[in-house]
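Next, two complexes with chain A in common: one pairs it with chain B, the other with chain C.
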Partner chain A sequence: MVDAAHPRGPKPRRRLSRGNIMLYGTLIVVAMYYALPLYVMIVTSLKGMPEIRMGNVFSPPVEITFQPWVKAWSEACTGINCDGLSRGFWNSVQILIPSVFLSIIIASINGYALANWRFKGADVFFTILILGAFIPYQVMLYPIVIILREMGLYGSLWGLVLVHTVFGMPILTLLFRNYFSAIPEELFKAARVDGAGFWGIYFRIMLPMSLPIFVVAMILQVTGIWNDFLFGVIYTRPEIYPMTVQLNNIVNSVQGVKEYNVNMAATLLTGLVPLTIYFVSGKLFVRGIAAGAVKG
Partner chain B sequence: MTSVLVKDLTLKFGALTVLDTLNIDIPEGEFLVLLGASGCGKSTLLNCIAGLLDVTDGEIHINDQNVTWAEPSERGIGMVFQSYALYPQMTVAGNLSFGLRNARMPKDEIAARVARAAEVLQIEPLLDRKPAALSGGQRQRVAIGRALVRDVDVFLFDEPLSNLDAKLRADLRVEIKRLHHNLKNTMIYVTHDQVEAMTLADRIAIMKGGVIQQLDTPTEIYNRPINKYVAGFIGSPEINFFEGRIEGDHFVADDLHIPLGAYAFQGARRDVMASFGIRPEHIQSGDMARDLPFSQEVEIEIVEPMGSDTLAWTTLAGCPLRIRMDGQAAVASGTRILIGFDPARGSFFDAASELRL
Partner chain C sequence: MATSSGTSKRPVRLLRNLNAKIASIPMVATALVIFIGCTAWTILYSFTDSKLLPRLNFVGFEQYDRLWGTRRWLVSIENLAWYGVCSLVLTLVIGFTLAALLDRKVRFENTFRTILLYPFALSFIVTGLVWQWILNPDFGVQQVVRNWGWEGFTFDPLYNPDIVIFGILIAGIWQGSGLIMVIMLAGLRGIDEDIWKAARVDGIPTWKTYVVVIIPMMRPVFVTALVLIASGIVKVYDLVVAQTSGGPGIASEVPAKYVYDKMFASQNLAQGFAASTMMLVSVIIILIPWAYLEFGGKKRG
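After this line comes the complex of A and B, so read on.
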């Protein structure tokens, strides 16, 4: 017989210990702190204006209506255009896709070259590139306007793509360089003995091993570029404003009645893309890291 | 015929000289081991031969061709790395054939070569697996196979067994020896493990500070080390050293007078300050010690039984002395026994230059 005071086997654990109550209590409070605004936004976006005017911010909608969502997406007016956020959404998609692809492709090649093909002046080059990450954007705004104007890209979608690609370069290159540096050098040497060149090693050895870091880079770029407001408002014209700029124009319009439900719906719609990216690739991301952790 | 020729090879990283005007001539079919402590430049030398590092000065010839500026894949070498360096996303067959596919070899030729290498290394059942699903020994076999399929004249091994556990290391060591016996390729093998060096090598090059100290057969290096460093580096347990002076036909250390006996000096015998080195296994004990040129009774301080043999520690002339005895020898610490040795089996080194006398 094993009496309680004689330690043997698994150590007994108390579910409701004081520590656990403190821990989970804190977690619940913090979770509510973050979830509450989201809750308010969702319920408000599902109410009609009369119901909102009654002022019960936290109460669920009595009569659920999707009209604010429809209006935010396809009817809300910004300036002379009255086709809602859909225009901004497609603009953002057209800006996002080339920016993400270009910046990731270029940065990964940069990082690969810096990590594995040490050329003369590589360190200086890298230092200058990293310094770029510390320069405030505001300093560069006007010079870039001039550069884009001279290149004939000012006010165009591709101009903004170029800006996003360039500004993503320092941090992404750092990310890729560090990741490729962590891949055993002997693998690279073995590939050289096997007769693979610069591109052969990049595409057939390094790329297949680097899915996790590509996912990380993609998350960074998608959220960063999608949420960008500053570059969007400066380097584009109203017809090709990205979604964030359009959202601002809808929410901050000073004419007419403030349609809180439409504003909430528009904000939720704009935030949907980064949210989806987190939910979808977050899982892939964790799986990628786990796969990479196994030595092989 | 010369297979690999290294001529005046110098490599500098900035102000640091890693290899200093190094010369080696490796005949065809030889198994050469580069042995040295970490940081001695042995792996660097191998990387230079492979073409993975650009040399600062000098030439490298493989099969009578100057390959100093050639790409690694053009040099007719295969290389095996310590960390196996298998491509993790490819199957074993993919790993083996990667180099051949890069060389745009016909498919049936690739298949034939992969099959042959797999048969030689007995990895046929593993061909469809990924490296992650292999054990350490299997991975290293695949890595050897990757060099094998390229059908090259020179194999380069960079500490291939260092990541394996002791038992596997011994098994694969024999296999590499068997492989060399069957293929008769030139092999250059870098290691810091002297057992691997002694068992595998036709010749060993002992390196220190980017310079080859001694390049000779294992027997010669073991019995007639060229300097004090080599004597101390080779042999486990380590060689015993006494500091003293050669006076006439005796070596005097502290109160100890050791007759030189039949020791073969390199040149004429001179009275100089010297160190005397004698290997623990060349010291006899008990009755066997009685008739040797030098014998003395000592007190055993510590005994380390290792099964096959027993290592006993004592002090002689103020220096710690290791004695390797039979595993069955009944010695206990505190007992007094008679030990003796023949100085002709030892080595004398000049105290100043540390060169063999």
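After this line comes the complex of A and C, so read on.
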């Protein structure tokens, strides 16, 4: 406090001290290691098969060809179907859209009820819901098959949508509950005084104020559902397999000559949706996973 | 925090706050039917001799006896133990080290973070397939090193039963360490700048400040990271399916895959139920100390 106005101590080090070289050197090497698989996917998918047989996975393509991409998208075979990954892509889209909307709508209303309209016993169910997130899915897989079969939804897109909604609920409800709890209570009380009810407050006050958290929830769900494999393989049939399942079937199929370039193009195509979301959303993605992780 | 529902006059108790109750139906149904109901159902049926279809013909612990007498299950458990311990230690160490490096007021921090975290956006299937290709002995790392002139170099983890689980580990850590780094970084940012200043004034070297001061302060963050990694480990499934399909032979089988194969491929339902119940038990064993630390610790403080 005595001499706060004037800087004290030794001068800050010059930028390129030995420590800094070490620091940046390490970070660059590590970053290169992490980036390597993406690079390998891209260069492999742009090479022709003869070139792949001549070289190794890291060598850049001499002659760039987009043929593998075309083949992966529209010709690659799984079993008897030879219409490529496009089928899986559209299946995934059809699964994704209703799942994301349904799960977010349900969880946001639920989180709102838990934050502002808590009733007796609500916390008990909420605790069960959160603890349930830790139960390995394998324990619940088969009974859910029975439930879906009884509902006539087993093997259909809507069955899978329901499963995604259910298993997305713990984390999303937590996310929304915490967010709505942080909104000043005076706002809620003022609306009550003005005669707004449960839905009125939700639609006119809470919803417009919580766009960021909706975006976070959306990012969380889109990547989560797009990347799902287990539920897709169990609760759908081959014609409506999501993209991840179809990708695995294409690449790991035992028959035929292995076309590594097509495989890598297919892999990259499947990773493209979450990667785009990741690179575009940036900080929000980080916020989403941090919110999901630290509190969960 | 507090509810405002009790302020108006009280009609019938059940109908009070009715909208909130209606809004909570999905949560209540999920909690009761799926999380409690389905779990209880599976545990109950794990004591039966269900084969193709579930049936209530109780046989006691026979399924569990058979489970622990099956070589494939034992291999799965051993794999999971190796994978779990290595992945826990390595992910924590790598995650913390990277976070500490990035916390040194690095320029281009955002770029580095973006690169380190992007694998987490990819699915395990994509991760597994890429690493399957990179570790391919004919074209991948092994061949590259051989081309450099080291002819006898062997690095084919995915084709060597003894080390195949470590091939999967490489991919798993690549995918998951970014998440832990981000969590650790958030924890490091939460630490008061004055503590660093105090340590500097006292002349404590940086590394020692981390070990003696910062890491103990970050205990809650480490616990969270630990729980996250641990609950992910038990579920390992897609990665193995994509990378090795459990091979060579049964060398890289994991419990989650055992459960799937018993339930949906070899029509041995009760065996799958018993195996999945064992998975649940292991999660509970992980969770109880955590719950104790988390909630028991608060009372003391």
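As a convention for this text, the second predicted complex is superposed on the first by the 268 of 296 C-alpha atoms of A that agree within 3 Å, B and C clash if a C-alpha of one lies under 4 Å from a C-alpha of the other, contacts with A are read in each partner's own complex, and residues count from 1 in each chain.
What we mean here is this: a residue touches a chain if its C-beta (ideal position, glycine included) is under 8 Å from a C-beta of that chain, and two chains touch if they have at least 3 such contacts.
Remember, predicted model here, so these are calculated numbers, not experimental data.
Looking at the shared chain after the overlay, A:Ile80 reaches neither chain B nor chain C. Contacts of A:Leu230 after superposition: chain C is touched, whereas chain B is not reached.
Contact with neither chain B nor chain C is seen for A:Val257 once the two complexes are overlaid on the shared chain.
Of the two partner chains placed around the shared chain by superposition, chain C is the only one that A:Pro136 touches, whereas chain B remains out of contact.
Of the two partner chains placed around the shared chain by superposition, chain C is the only one that A:Ala113 touches, whereas chain B remains out of contact. In the superposition on chain A, A:Val29 contacts neither chain B nor chain C. Legend: residue contacts after superposition of the two complexes on their common chain; A:Arg192 is shown touching both chain B and chain C. After overlaying the two complexes on the shared chain, residue contacts for A:Gly271 are found with chain C alone; chain B is out of touch. For chain A, the partner that touches more of its residues is C, with chain B and chain C as the two candidates. Where the contact sets of chain A with chain B and with chain C meet, they give residues 189, 192, 294, 296.
By the touch criterion stated above, chain B contacts chain A in their complex at residues 47, 50-52, 71-73, 77-79, 81-83, 85-89, 98-99, 102-103, 130-132, 143, 146, 150, 158.
The part of chain C that touches chain A in the complex is made up of residues 1-5, 7, 16-17, 19-21, 23-24, 26-28, 30-39, 41-43, 54, 98, 101-102, 104, 106, 110, 112-127, 129-134, 136, 139-141, 143-144, 147, 174, 178-179, 182-183, 186, 221, 224, 228, 231, 234-235, 237-238, 241-242, 245, 255-256, 259-260, 263-264, 269, 272-273, 275-277, 279-280, 283, 287. Across the interface of their complex, chain C is touched by residues 23-24, 26-27, 30-31, 34-38, 40-41, 44, 52, 55-58, 106, 109-110, 112-114, 116-119, 122, 125-126, 128-129, 131-132, 134-144, 146-147, 165-166, 169, 173, 181, 185, 188-189, 192, 197-199, 223, 226-230, 234, 244, 247-248, 251-252, 260, 263-264, 267, 270-271, 274-275, 277-279, 282, 285-286, 289-290, 293-294, 296 of chain A. Residue ranges on chain A touching chain B, taken from their complex, read 184, 186-187, 189-196, 200, 204-205, 208-209, 294-296.
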